[in-house]
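Data block below; observations after.
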Amino acid sequence: MSVQERLTALGITLPDPSALALYRPAVRTRDLVYVSGQVAMRDGAVVHPGKLGDGVSVEQGREAARVCTINALGAASALLGSLEGVRVVRAVGYVASTPEFTDQSQVMNSASELLRDVLGEEQGVGARLALGVVSLPANSPVELELILETD
Amino acid sequence: MSVQERLTALGITLPDPSALALYRPAVRTRDLVYVSGQVAMRDGAVVHPGKLGDGVSVEQGREAARVCTINALGAASALLGSLEGVRVVRAVGYVASTPEFTDQSQVMNSASELLRDVLGEEQGVGARLALGVVSLPANSPVELELILETD
Amino acid sequence: MSVQERLTALGITLPDPSALALYRPAVRTRDLVYVSGQVAMRDGAVVHPGKLGDGVSVEQGREAARVCTINALGAASALLGSLEGVRVVRAVGYVASTPEFTDQSQVMNSASELLRDVLGEEQGVGARLALGVVSLPANSPVELELILETD
């Protein structure tokens, strides 16, 4: 199945990246694509704003991580024209957390699952970090960063 | 205008990176340059130590981000000999924040503006992240990381 | 002295990376190896769980950073078969910290020292960041990330 067929089967339409003055949604250098940090913005509003451990549940954090991932794939797709053949090198989930919350991995799993479902077992699973940060732009509960390899 | 001419027009003299025992100010691998995290150190002291949301204003944070950027360009310049032709691949602003502060993007804009002013619209604007971290070495309000491409 | 001889002289046996469903311990793209974030897990338990500035001392944080480093080298070694000729491009220490703790560099020095001792002065010293994060998976006091170059 192609990446586009998988996206269609999952009912996902990739958003266009927002026009930005001072940074690019994604940058290519040789065969690597660096995607800018994506917050959980959908239709102009952050999904489940706030922090894990203080009002945002793990399930809500997982939904936010999914939104970030769709945004990141949209940024890469707009740059490359297509996501066919793309491989995940590194994915980082920055999870807005209280000092007590330590389940960042569970939140990040939602991003990893979607990357695998869209890009496939072989291409969609890369190196990863899950980190607890004190706060994020626009009060997003999650920010996702991707480095992808293209051929 | 060359990068050096832009630096001169902006009144910026790039500092020499400090001699360090256990890490390098910048490392080159093929055509990429990884610059070490730069705190807002100027003339041996941190500019506006503390946190955004607790005593450090957005304007002070922006000044600190500018100092970090000058230090990062200094580290890259010392390694490469010159910044002509250099392109920003990825810039990350780690902003020391309280849980309530969510304007990391505004602080980071100051770094993005300077990179654009020094390297130009085409070369100076890359992928970006702005993150809120709980604290930074030397109580710096900002730490900046750059990945640059050279030819 | 070879890397393996140095490891033996230091009494270090590299652990096998854990089998993971949704990410890889390390990923190679061309001559770069991205190692996933490594927490301070040893024999199935986190060493000195908690935060710097709240119950975890600098000395304990340094021990944790050493454990993370051994895990990261284990992940790279399992992927590459050997660490001979490997060079550190970028090392990041994410240190779980209270807002008041600002000695992340001291904690990270322990990782930098071990990388130098294992890979040598020339190859083991790269670009670096030390950051204070609010919390980490499994309540680890430190998470370490490496990008290595291989030939």
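Of note:
All chains are identified by letter, namely A, B and C, in their written order; residue positions are counted from 1 within each chain.
Heads up, the rule we're going with is that a contact is a pair of C-beta atoms (placed from the backbone, for glycine too) under 8 Å apart; a residue touches a chain by one contact, two chains touch by 3 or more.
Given the structure is predicted, the values throughout are model-derived calculations rather than measurements.
Seen as a C-alpha superposition, subunit B sits on subunit C after a turn of 120°, to the nearest 5.
Interface of subunit A with subunit B: the two copies contact each other largely through different residue positions, with under half of all numbers used appearing on both sides. Centres computed as Cα averages put subunit A at a distance of 25 Å from subunit B. For subunit C, residues that reach two or more other chains under the stated contact definition are 98, 133-134.
Taken together, the subunit B residues at the contact with subunit C in this complex read 22-27, 29-30, 34-37, 51, 54, 94, 96, 98, 133-139, 143, 145.
Listing the residues of subunit B that touch subunit A in their complex gives 30-32, 87-92, 97-105, 109, 112-113, 116, 125-134, 147, 149.
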